[in-house]
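Data first, discussion second: the structure below is written as structure tokens.
Chain nomenclature is as follows: A, B, C, D, E, F, G and H, assigned in order of appearance, with residue numbering initiated at 1 for each chain independently.
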Amino acid sequence: MSFTYNRLNKDDVAVLFVDHQAGLLSLVRDFSPDDFKNNVLALADIAKFFNLPTILTTSFEDGPNGPLVPELKEMFPEAPYFARPGQINAWDNEDFVKAIKATGKKQLLIAGVVTEVCVAFPALSALEEGFEVFVVTDASGTFNLTTRDAAWDRMSQAGAQLMSWFGVGCELHRDWRNDIEGFGGILGKHLPAYANLIQSFSVKK
Amino acid sequence: MSFTYNRLNKDDVAVLFVDHQAGLLSLVRDFSPDDFKNNVLALADIAKFFNLPTILTTSFEDGPNGPLVPELKEMFPEAPYFARPGQINAWDNEDFVKAIKATGKKQLLIAGVVTEVCVAFPALSALEEGFEVFVVTDASGTFNLTTRDAAWDRMSQAGAQLMSWFGVGCELHRDWRNDIEGFGGILGKHLPAYANLIQSFSVKK
Amino acid sequence: MSFTYNRLNKDDVAVLFVDHQAGLLSLVRDFSPDDFKNNVLALADIAKFFNLPTILTTSFEDGPNGPLVPELKEMFPEAPYFARPGQINAWDNEDFVKAIKATGKKQLLIAGVVTEVCVAFPALSALEEGFEVFVVTDASGTFNLTTRDAAWDRMSQAGAQLMSWFGVGCELHRDWRNDIEGFGGILGKHLPAYANLIQSFSVKK
Amino acid sequence: MSFTYNRLNKDDVAVLFVDHQAGLLSLVRDFSPDDFKNNVLALADIAKFFNLPTILTTSFEDGPNGPLVPELKEMFPEAPYFARPGQINAWDNEDFVKAIKATGKKQLLIAGVVTEVCVAFPALSALEEGFEVFVVTDASGTFNLTTRDAAWDRMSQAGAQLMSWFGVGCELHRDWRNDIEGFGGILGKHLPAYANLIQSFSVKK
Amino acid sequence: MSFTYNRLNKDDVAVLFVDHQAGLLSLVRDFSPDDFKNNVLALADIAKFFNLPTILTTSFEDGPNGPLVPELKEMFPEAPYFARPGQINAWDNEDFVKAIKATGKKQLLIAGVVTEVCVAFPALSALEEGFEVFVVTDASGTFNLTTRDAAWDRMSQAGAQLMSWFGVGCELHRDWRNDIEGFGGILGKHLPAYANLIQSFSVKK
Amino acid sequence: MSFTYNRLNKDDVAVLFVDHQAGLLSLVRDFSPDDFKNNVLALADIAKFFNLPTILTTSFEDGPNGPLVPELKEMFPEAPYFARPGQINAWDNEDFVKAIKATGKKQLLIAGVVTEVCVAFPALSALEEGFEVFVVTDASGTFNLTTRDAAWDRMSQAGAQLMSWFGVGCELHRDWRNDIEGFGGILGKHLPAYANLIQSFSVKK
Amino acid sequence: MSFTYNRLNKDDVAVLFVDHQAGLLSLVRDFSPDDFKNNVLALADIAKFFNLPTILTTSFEDGPNGPLVPELKEMFPEAPYFARPGQINAWDNEDFVKAIKATGKKQLLIAGVVTEVCVAFPALSALEEGFEVFVVTDASGTFNLTTRDAAWDRMSQAGAQLMSWFGVGCELHRDWRNDIEGFGGILGKHLPAYANLIQSFSVKK
Amino acid sequence: MSFTYNRLNKDDVAVLFVDHQAGLLSLVRDFSPDDFKNNVLALADIAKFFNLPTILTTSFEDGPNGPLVPELKEMFPEAPYFARPGQINAWDNEDFVKAIKATGKKQLLIAGVVTEVCVAFPALSALEEGFEVFVVTDASGTFNLTTRDAAWDRMSQAGAQLMSWFGVGCELHRDWRNDIEGFGGILGKHLPAYANLIQSFSVKK
């Protein structure tokens, strides 16, 4: 059975942040709050660093779900941003899909809250339309490990690739020589254990 | 490899509650009792909300397995209800299968106790007959995480989709505008963390 | 070293609910949301059942901390209720302490959110003033198990007794014959595993 | 600060089994069912082996709490057995306390279901009356680790000693030479890992 | 994608116990010793109950691996028993495979110690030869959850079905009416929580 | 037994950061790196906010232990800073103790890496000299939960109070009205879940 | 669906150690440091024992990632060793791939740090080129269980086989008689629980 | 309440290894085998390094308990060594106690298998006789965390100090300058994470 490595390629990728809203975040319990915030912002920094087309969407911002987290709003002021009037599956929002298709990219990085809905639904829809789907698992959160495991299984069986923000960054970067300081800066900012290595190393040089 | 998103459609779905009996529930240890009760009743509320044909079945109610939990009996007084005389796999009970087929639905939501038997057996039988099977993982319980993981793997490899009650509700609802208060009410009742968001939001309006 | 069993006595007890507010509850992660909601309401039902003087207090209800959870408000409409203007330790609020002392009780049941602040601070203050303090550990929540363990240790070393709502109810009730149906009803409502026992038993009678 | 080692002495000990009833056992979730059954029966075997005066008590056997587990009934057919009419704290039952005092023992081994009530209440009462109290922690069960930890802390702070059935057996036995086969037999029966050692050893002799 | 439910059929099954030896059992750490012993003996009782052809094999019994656990030897005194002279994969032992093929069965239940070797190797070999392979996951043990998860994945991807002893028993039994007392007896013996249900039920009848 | 509440008082407190060095931090495994970094910086922000005299110390900065983490250096440029030539217990360094005594404070907040050495040793020394010692448990890290639990027990039994950075901040602040924005800012920065509450609240105002 | 057992064959295997560097190892948190060190060295001993062609590679040794762990350097002084100038995916380094192909082996054992990058990337690349890939899961480490689970799923779905060092050793060795002392020595060195069996056995002989 | 810091002093300490036997070690399940072996040998290295009088004892070496682990025998060939004829509490063996008293030390470091018996019994006996007792918790093992927690509580309440081998080493060493290479060597050998720091540092010097 032959296998094709659908490898993330920075020229082929768009990033979707789905429903990272202040209210919904209080539902996320498969990560500590510090870890989850860090993971989401790390993915955002990666999207910026590689100049990936990035699309934001939210549902019912003016209800209990709350506003998009301000950090994302600030980091992507120019990004297409769809406050969906009601569709739960973002892919049911035509403008959102149009914006994705307008990027011309065939690889989609998806992260969102909560995993089994805001991530899984558009992921499955995108797979059906032939996109290569990469779930950024650690920038996506949900109620507990049971719902997470079920959601991961559903997406994986459908052909989505499960990744982490660190894996995403490394697969996109390909070679440290492409910009060692820039990429190292992201790691230093979002991996305290790596920052310690850098710090110990710098002092000793 | 092309993928078809077999998406839950409220017109295509029937719900099966298999052996949620007072005695058997004491065997469930992969959830806290509060969590599990909440999950089962949430699925029941979703079945009611979407008017999904719902079928109840039990085994040996007048033995140690105990009676069907009273909440389900009360919520679905008109539902077909099969107290199986002995078949362990509910699908081996002809009346049960006839009732399912009589609904004319091709998508089955299955929940039950215990997962590797009362859920997995009919799930595999239904898959063999060409139904689309969705396991409501968090409304299904078993002895421990080892048996759960094995059962999930067996069903997933056979083509069942692993879901949670929240994912089921959202995939059926499609769009908040279809009935925001009704669906929000279910979330408020079964997701205390979401109820808190609603509460905070309402007060501040 | 002689030991005196400071046993809860329904004529000697007052109950303090400290800062169970909709916003603050989103910080609680040492319990699942279902479990925690159940525990808090179980304690409330116990307070009602034994007619214990109950005192409510909150901090900054009209800020992000959010309103008192509506269930508590509804269950204790006549209870003294102190929306503290700013004191973090409820015991620093003179009206709150006056209300406690006005009950004439020497035993205090304290529950709150978060454990290391809203419970521990008044608990330590009350101990210093000679009250017998009983922490209802499972109706009190906090960020994680690390902060919980530290808070429990601090209170225990100071002389507080660590209890659970079930232990509180049983120590107060003393004898099932005092009202078997009433107390059994509370257990059936808040202990699904016990409700299953009742259900199996009733059917078989 | 001087310390006296209140060491279990087989001539000074009585054993109390409190409310190990078929219904209540379904509430125990801080042990796997296999582990808990094994622990309780191991303690029973130890009580038999050392001919310790053993006292059984239950609450509401003819209600949902269910009958005393049959194994205990069979192992101690002559033991004083108090089906309490309603007292939750077994120590509030005068006959139970009289039977304890009639043994003339000053050391009490207590095990029961659930820990924070059926064990903790009589443990605290006994401590107040000057008994040396040893809680057999692993033959006592409860709802979850939170309630267990709180109950252990309350009893420990009051002066109870927290033990396990294995520690109890070893502290009573003192010296293997007192009866190596008899005591080894208990270990082989209740410690599968030790049985394996014995088996490997025997074959090789 | 069509699916065939390869359902366990008592006329088509043989059972393989691979290397449940006293020494090797000390390596098993993904179960408590009580749980694991119970699971293995439950599978053995099921094999006896359904008169399934059962085959035993061991490796280096007279070395540190130790003798076959005595309970299995006693339960299956007539079973083919292969003390392999050195082959690690039992399937590399021609006599073992011959004995399997001599049963004429096409479904194999495999349990063993340790999972990733003594279970996985013959499971993969049998799959290659066209057998339907069912791994009894909870009667198979290994060093830790990491090695277990990897071994399960390898076998599942190859087409083995992951089951538990309880699922095996129920899938074989098909209908309680085939022998309610016999099968109930196995459950009562190996599921203490189910025994409690039976006990509560019997008393009340 | 009377109890005195040794309550943190911002006029009586000094803060000790012991050995938060880039190398040593790689040993900390009882917290995720994100959580730990956040906790240490939260304590630092609290020390700044209340203008608490703060003392820094390190051991062997120019060896594998690595430099003091740069954030602490930058936040407390004027703080007494003792790069100990070799003493493992910082209290054995006379200059360090002199600096502490020079603050005139009787309450010490201690955090460090690793807990059982860099925190516990000076904590025990300070207790012996009559200081009130408060261990900031979540800004102190070590190899694993076993060593942490042992270290906490040793310090607690000696009279140290176990706290968390959040408890410390609240006990010092006493009353929100003292500076609601300043203190709220610290919470918003270091408690992402609280930041979400603030965000949801602000938008809705 | 037919299955071919791609069984490890010592004549067909090459081993790749990817980025086991002193700095990077501080990032590994899905194993205790002792366990991980033991696992890596066990795999190395297996590679030596079977004389498997072994290839070493590192990234940025002279930066914070640190030097290759000295034990590997010493054990494989003659092994091809590629200090990659910048490629993150080792397979992007032509010399590395050439060296692999020069071995003429079609089976690759891959271990590395961190799993989702240094292992997964070359694993996927090798699969695409038709190699049989075996991931040595317990000699590969990463940040936490979330990233590990995602990485395992990605590789497993692509056709990699997940193994452990013990499974690798046993699948290669095939038969104890091939060299019982040599292989037993590896187990005794890296499995303390097995060493205890050997020790108990030897003494008793 | 004044506190005296009973600080480990290398001139006042004797070390007791109690029943670290090859058979008994198979019972230890509160540590991974690698971790536990490492911890015991680390304590042994510390005892050697500081030339602490060390006493070995075992029970029934020629039975299933198995021989003393060979590493300890080899490291302390001259140490008093008591193969107890039957006493379970080593303190009941007069020769063992005489040997301890002959050292003239008042501080005892105790480690053993299993914690609640082989460690706790002599620890409590020694406390009663006025020794200062330090339990080396991570060089002591037992069946599970429940029995461990109970044993720790019993010893702690009696006045024993709970430590880890790392804490012991550091408290004895006092000052790195006393022998930086020797002590650093122990850390490098038994703390792989520290070895990595040393390695990274050395290379960069």
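Going forward, a residue touches a chain if its C-beta (ideal position, glycine included) is under 8 Å from a C-beta of that chain, and two chains touch if they have at least 3 such contacts.
None of these values were measured; they are calculated from a predicted model.
S.K.: Going by residue numbers, if over half of the contact pairs line up, that's a repeat, so tell me which of D-G, A-B or G-H repeats D-E.
M.R.: Answer for the repeat of D-E: G-H.
S.K.: Weigh A-C against E-G on C-beta contact pairs and write down the one with more.
M.R.: Counting C-beta pairs in contact for A-C and E-G gives the edge to E-G.
S.K.: Approximately how many whole Å separate the CA-defined centres of chain C and chain E?
M.R.: Whole-Å distance between the two chain centres: 49.
S.K.: So what's the Cα centroid distance for chain B and chain H, whole Å?
M.R.: The separation of the two C-alpha centroids amounts to 54 Å.
S.K.: Measure off the straight-line distance from the CA centroid of chain A to the CA centroid of chain G, and report it in whole Å.
M.R.: 30
S.K.: Send over the residues of chain G in touch with two or more other chains.
M.R.: Within chain G, residues 23, 26, 32, 66, 191, 193, 196-197, 200-201 contact more than one other chain.
S.K.: Return all touching chain pairs.
M.R.: Touching chain pairs, listed by label, are A-B, A-C, A-F, A-G, A-H, B-C, B-D, B-E, B-F, C-D, C-E, C-F, D-E, D-G, D-H, E-G, E-H, F-G, F-H, G-H.
S.K.: Can you tell me which positions in chain F touch chain B when the two form their complex?
M.R.: 197, 200-201, 204-205
S.K.: Flag every residue of chain E that touches chain H in the complex, lowest number first.
M.R.: Result: residues 26, 29, 32, 144 of chain E touch chain H.
S.K.: Quick one: in the complex, what on chain H touches chain F?
M.R.: Those residues of chain H that touch chain F are 1-5, 7, 30-31, 135, 137-138, 152, 156, 161-164, 166-167, 170-171, 173-178, 180, 191, 193-194, 196-198, 200-201.
S.K.: Going by the contact rule at the top, pick out the chain A residues touching chain B in the complex.
M.R.: Touching chain B from chain A are residues 23, 26-27, 59-60, 63-66, 85-89, 92, 114, 116-117, 120-121, 124-125, 127-128, 130, 143, 146-147, 149-151, 153-154, 157-159.
S.K.: Inside the complex, what are the residues of chain E that reach chain D?
M.R.: Residue list for chain E touching chain D: 22-23, 25-26, 32-38, 62, 66-67, 69-70, 191-193, 195-197, 199-200, 203.
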